[in-house]
Structure formats: C-alpha cells, structure tokens
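The first chain written gets the first letter, and so on, giving A, B and C; residue counts start at 1 in each chain.
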C-alpha cells in the first residue's frame, strides 16, 4: 500500500542518515585502539596511543588554554546575549533597532573566514593606535569568541521570551511589581534554562573553533583545534583518534544525561496532567 | 563659621553622594538604555567596526611595510589631507580568472551541498516527527550529539575513510567490488561528502521545528478530497514547510560558501573554495588589501541570502507573539 | 407621597451618584489604526459591567487602558476620582484576571496568590493567613502546594481569581474569564463569579465576546464596535430596547422589516411596510416625522403562530406558510414564508404534548402570525 511504501522510504532514509552520521565517528573510535601507526591499516588492539596522548605536554597546554577560553567566553557571552535578547523582545521599537537586530543575527550565518579576518585587522589597527592588544592570544581569542557566541545566546533567549512571557510580566506588574522586580521575579527565572543552554552552546562553539582562533591568535597561544589541525594536515595520526574518542565519550555522556533528565521531566509532567484529569 | 578647608571637605563628600545619587537615579530611570548599551557597544566595536576596517584596507595598496598596506588618509605638508583610495584590488579580482572561478566554484559547491542536505535531511526530519514520543527524543538526541562533538575531528574521520588505503576502499576491495582503490580523497566528491556530513544537522533541526507545528489533519483533509500521497506532499506539505526549508537551506548555504577546513583537509589543492583562497592570500602572500577585497566580495555575494535569513527569523519571532 | 427611589440596585439612575470609573473621551491609536475612538463611559461602584463585542472592536484595548498597560492617546481615565493617566499598573488600585490566567509557572499556588501582598510589603504571617482564607473561599485549600501545571483549567482559573482579589482591589478587570472553560464548567463558574462579586462588593469590568455570558453576568452591558460604543444599558434594555439595527442583530435574533411612518400620534405610531405586506401598529408615540423611513425589529419569541386567523389581518398580523421547523424539545423555531419571498423566524414554547405523534403545526401548513402592539421596536438607524 502507498502508506507502506512511504514508511519504508522514510525509514530507510532515516537509517541511512543516522548511519552516515555515526559510522565515521565509530571508525575514529575503533582506530584509536589500532596498534599500527598507519591509521587505516589494522595492526592489532592497543591502547598505547592514549598513553602517547596523555604524555604530550603540548596537548595538555592546548586543552588548558581552550578550556579557559571557553569558560570565560561562555560566561560573558551568556550575559551579553541575554541582555541583547531581552532588549530585542521587550523594548519594542527603539532607535537603531534594525542595526542591532542585524548585528545580532549576522554572526550566525557569517562565514568564519570573514569574521576572523576582520577581527584580526581590528586588533592590529588597535595595537597601532592605542598600543593594545600587545600580544595576541588568550584575550583576543576570547573577545572574538564572545562576539559570535552572544549571537547564539540571544537567539535562544528571544525564543524563550516569545509567547506567554509577556502575559506573566504584565500580571506581575498588575499585582504591584515594579519593572526591575518583574525582571528578577519573573523574567530571569523564565529564561534561566535558556541561559544554561546558551552557556553550554557558547562553551562548545568556543572549544571547537578553528578558523577564528587561527586568525586572531598569536605565537605561543595554541588552542586545541589549532594543534589538532596542524597535526592532521600532515596525515592521519592515531593519537588524534584517541583524543577524538575521549571527546566523543565526554559529549555522549553529557548528551545522554541531558536527554535522560529531560525525558524524566516530561514523564513527570505527563503524570501531573493525568492526575489533574482524573481528579475532575 | 567653618573654615574654607572644612567647607571644601563637606562639599567634596556632598559631591560624591550627589554623583552616586545621580548614577542611581540614572540606573533606575534609564535601566533600559543600560541593558541595551552594553551588547550594542560591544557589537559595534568588535563586529561592525572591523568590517569597515576590512573595507578600508581593501581600498588600499599593498606595500612592504608593517602594516603592509597604504594608509587611507595622509597628512601632507601644512595640514593638507591626502585621501588615497585604490580600487585596483577589486579590478584585480574581477580580471584574474582564478578568483572568478573560485567564487563560482564556491557557489556551485555550496548550492549542490545544500540540495543534497535537503534531499537527505527532509525525509529524516519527517521520519522523526512521525515517530512516537520516546523514539522522537532518542532520534533528536542522536542528531544533536554529533553537533556537540568536535567538527574538526569529525571531518578528520573522513580522511581515514576516503583515503586510498582507507576503510571504504579496503572494504570494497575485500568484497571484490573493485580491484584498485578509487580516488576519493582530494576530489570534489570528498568535499561534498564533508560538507553534507557537517551541515545536515543544521538542515534537519529547522525542518523538524517546522514539521512539528504542521497540522496533520490538513493531510487527512487532502486525502479525503482525493489527493494521492505524492500530490498531497507537493501541494500541501511542501508549501507549508517552505519556511523551514528556506531557513535550513540558508543555514547550510551561507556558511558553506565560505568554508575553509573541509576543502583544505578533504579537497587538498584541487578544490577551489573562496575560504581557502582568502586564508592563503592573507597568510602565505601577506597581501592584506587583496585578502580584504576577497572578503568584501564574498560578503557582497552573501549579503542577499543573509538579509533573507534575517527577514525569515524576524517573521518567526513575530508569529509567536 | 412619593418615597425616595431606591437606587442601590441601579446606581446609574441616581442623578447624584458619582461614577466610580469615569472614561472621558478616551482614544487609542496604533499608528494609523484607531482601536478606541473617543469613548465616554461611567461605571458605578459595585457594578458587574461587561464590554461586549466581536474581535477587533477595541474592548480589550479599553480594558488594558484601565489596567495601565496601554496609555490613552487622548482623554483621561479616572478611578475613584483620581486621574490614572500617569499612574503605572503597579500603582493602580486595579487588578486584572488574564485570559490565559498568567499563573507564574515557577511558583506554587500559595506563592502565586500571595505575590501581590509580598510586593506590598505585608507581613509574612498576615500573608499566610490571608492566602489561606482566599484559597478556602475559592475552594482550592488542598491545592496550596501545587504548581500551575499540576492543575486543571477550572482550578487554574480559580487561582487566578484568588490572586487578583486578595489585594481587595477597587476594580477587578476580567479578560474573557469564561472563554477557556467547557460548557458545564462555564455555567457553574458564571454563578460563582456573580456570587463572589456580590459578597466582596468589588466593581467588576468584564470583556467578552459571548452574548450569553454578558447577559447572565452583568448589571449593565456596553456593546462595542470598531472602537465605539453602540449602546450601553442593562441586559433588558439592550435586548428589548435596542437603539440600532446593529445592536438588535447583535444580541439574540431579530426579524428586521423596512417601512415608513404613515401615522404619528401622541400615543401611537403606524408603520406601513411593503415587506411584509402589513402594517405595524406600535402603542407608544415617538418623535419621528411622518414619512421617515424606519426599520421595525420583531423578536422571534414575540410572534404568535396559529392555524387560524385571529382578528383582522393587515395590522400586526400576516399570513404565511411554514417552510422549516427546528425542534428543540422545549421550544420550536419556525421559519415561515410570507409574501412568497421572505422568511420570518418565530420561536414558540411547546406548550402541549402532540396527539397521535403529529406536531400541532406542520411543514407546508398555512399559518397566521400575529403580535402585540407593544412588541415591535422602531429603529431609525
């Protein structure tokens, strides 16, 4: 029957798609345990590459730098992005709104080479005129990351604020809360989950960024992606596979945990609804 | 009567409190402005201003100096301002075949990739929406998980798969389908695979969001009126999900045009994409004015799609109110 | 000889009463669009006043201006004598019950209800006590610790009500209060609202698009259309004494006939009409010139339907044929064809049970319609 044919089509596309997404990652993991140095040629099972990875000081330095940048970036980007999202949803028409709105959504789609190049030129020009930044590295990379991360946070916050939020804020005002109170009592608790999501997103984007960091970094400031890239440019390396496996593992644990928590919340919500339905 | 010194002291304290009080009043009355001004200024300085800088440099000449371009404004004897604007770089871009071809190649690659992402992503999104509750959650998680893992490492994974002595070739040879390894790495094919692989989640998520909101009764109504499934899809489902299709397509097309890593890692020197050219122009040739011109030209190419994207996003938020 | 008239039930009739809410020439423009067009309104203390109209008529905008969420483009609003134009919503003696209830999802029922008191700085112990009292009043005592998503629609509404009344506001604004409830719950809640209002003596202003709701609940109704008031009056006034065809057609059903005044006496008026081909004799005088074109509205329940003619035909009566019957159990609605081209609607109680299973009046039967001289309403617009 037609319906059956369609279901088969959908199912096969879905399976193919999922396989397509995951097979490369699975291969990465498998080959991280490959004894042979030449990645695609299987030489037996071994965990020695994890050892090589852990003993490499450049890797640790790069990890540390990337984590520091990511954390600072996530914190600032969340604050700035939340402010921006609030302004765009709650402030109605104000002077310069179109410009602001454009600036906030552009980083989402702008090719990274353009943002990277423009920021580097900015930093160089600034150094010429006011002497800062003296050395490009941690600070410049963090500033660059904050600039595009805040765009993502703003989008998340805007979507959280659309809908019921305005009614709730007006209700609070009606009951005697001044505007600042409304912000702390109602708005912030409402967008808190969005802020958390924004933080995590900013953190991940920063950790993963190669292009922009390449442009605005300086000698001595090697982030993890920069390090990985320089190594894989010359070919396949099993210690990179080991690194990849670790990252995949960490992310998988995070995503699965988050998914599980959300599913539990959903089940709880359904139970609550059933309970009220039964009572009436 | 207090001495002048004492009088001065009181006024100073008084001044401090008054300033503090003024600031507090300012915060209370104009707190909205304060909220706005922080992100606004940041973006002005670190996002908008740099673009003007790139524009300015693109209109300069390359020289051996630090910085390696001619200044726009020069003060020449007795305060006469000399403004030098050079459009040679743009002319150079236009005349040199390499650049024109690279732009065209980039557009072609990103367009084809977008279509491929759509062909793969739409059925996937549809399938997810139609599945039952728990499966839906699991599937969404599966789609999102790769997004949170390192993009660089996932592209790297394809190196191992597509290489001549890579896994795919090994498998095909072992199965007896081919005798010699097929050249996959450092070809256009590899770049397509890489881009689709990386960007397909960006296509699926907006499509999913759109399909979720679809009123399935509409499809039933169409069937009731005599439409066969294919007809229903093209006359009802597709038009209604068009915003999602466009949003997803733009989310793939725009960044893919300027991609650097994928053509560099998987395409080698054979695949021309503008992101690589820009990077090389800047780093290898230290030709900042040309690199800047390349960037501005790329921006101009993408400005229409970007505005379209922003327009759609604006309508999305409006429809929620 | 005459005792002082008692205006307590109808304060708007008392010439000396001061309206509690005064809306004076208030307009609201949104760009080119005029939502509210220079309206005047007086609402008295203790009233349950309804703003009735279809979507886009401006009633919600007016309500929001009373609440303080919109500022009038011109005109002023006074509540209890105080001009509210520069008073923000958090400083008004007004509370609002939102159509979506707007319960704070991250707070329990208790915390929701007590929110307004906390903002006023009331002592915690007093808050606890008053919240308990209020929850008992709306019969939600045992749900105090629940969160909004754990409540049914009707329960949420009662929490919203409790939250908005606990501060003893002078005025309570209600935005489509019964809209989200199913029929059974709606009827029940209607009476609960009315009782509550009487007990607490709060002035209610309700916005609704539901006629039945407005008619049941209100002391007075204002019918709004495109930003203006069409008529303001008690439910009876609006129904039986509409001042325009728009109002007559808005509330309930009305048969509308066109005609001309041919006789205008001190105690009667006669309207001649081609459609239907009969005259209308109305038993009170009106200050309309002879020859003026008018409309006559006749409500379906005011028309008597019979199988035999009753008296002479030609004035306040006409002959026709039954084309359709809608049997509703307690009443029947007849659609009668007259003059071969026009349908008149009549509703009649089914006073007796039919003999032999045949209804007293059947399809395609010839019938005679008649009505009292006091039943017709003459309208000039």
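The definition used in the following text is that contacts are C-beta pairs under 8 Å (C-beta built on N, C-alpha and C of every residue); 3 or more make two chains touch, one makes a residue touch a chain.
Computed from a prediction, not measured in an experiment: that's the story for all the values here.
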item	value
From subunit A, the most remote chain by mean C-alpha position	C
Chain pair that, of all pairs, has the most C-beta pairs in contact	A-B
Where subunit B and subunit C are represented by their mean Cα positions, the distance between them in whole Å	56
Where subunit A and subunit B are represented by their mean Cα positions, the distance between them in whole Å	14
Set of subunit C residues in contact with two or more other chains	none
Residues of subunit A that touch subunit B when the two form their complex	2-3, 6, 9-11, 13-14, 16-18, 20-25, 27-28, 31, 38-41, 80-81, 83-84, 86-87, 89, 91, 94, 96, 100-115, 117-119, 121-122, 124-125, 128, 143-144, 146-147, 150, 154-155, 158-159, 162-163, 166, 179-180, 204, 207-208, 210-211, 215, 225, 228-229, 232-233, 236, 240-241, 243-244, 247-248, 251-252, 254-256, 259, 262-263, 266
For the subunit B and subunit A complex, residues of the former touching the latter	28, 31-32, 35-36, 38-40, 42-44, 46-51, 53-54, 57, 67, 120-121, 123-124, 126-128, 130, 134, 137-139, 141-146, 148-154, 156-161, 163, 165-167, 170, 197, 200-201, 228-229, 250-251, 254-255, 257-261, 264-265, 275, 278-279, 282, 288, 291-292, 295, 298-299, 302, 305-306, 309-310, 313-314, 317, 320-321
Residues of subunit A touching subunit C in the complex	164, 167-168, 170-178, 181, 185-186, 189-190, 269, 272-273, 275-277, 279-280
Subunit A partner contacts - residues on subunit C that touch it in the complex	67-69, 88-91, 94-96, 98, 100, 102, 104-106, 115-116, 119-120, 149-152, 154-155, 163-164, 167
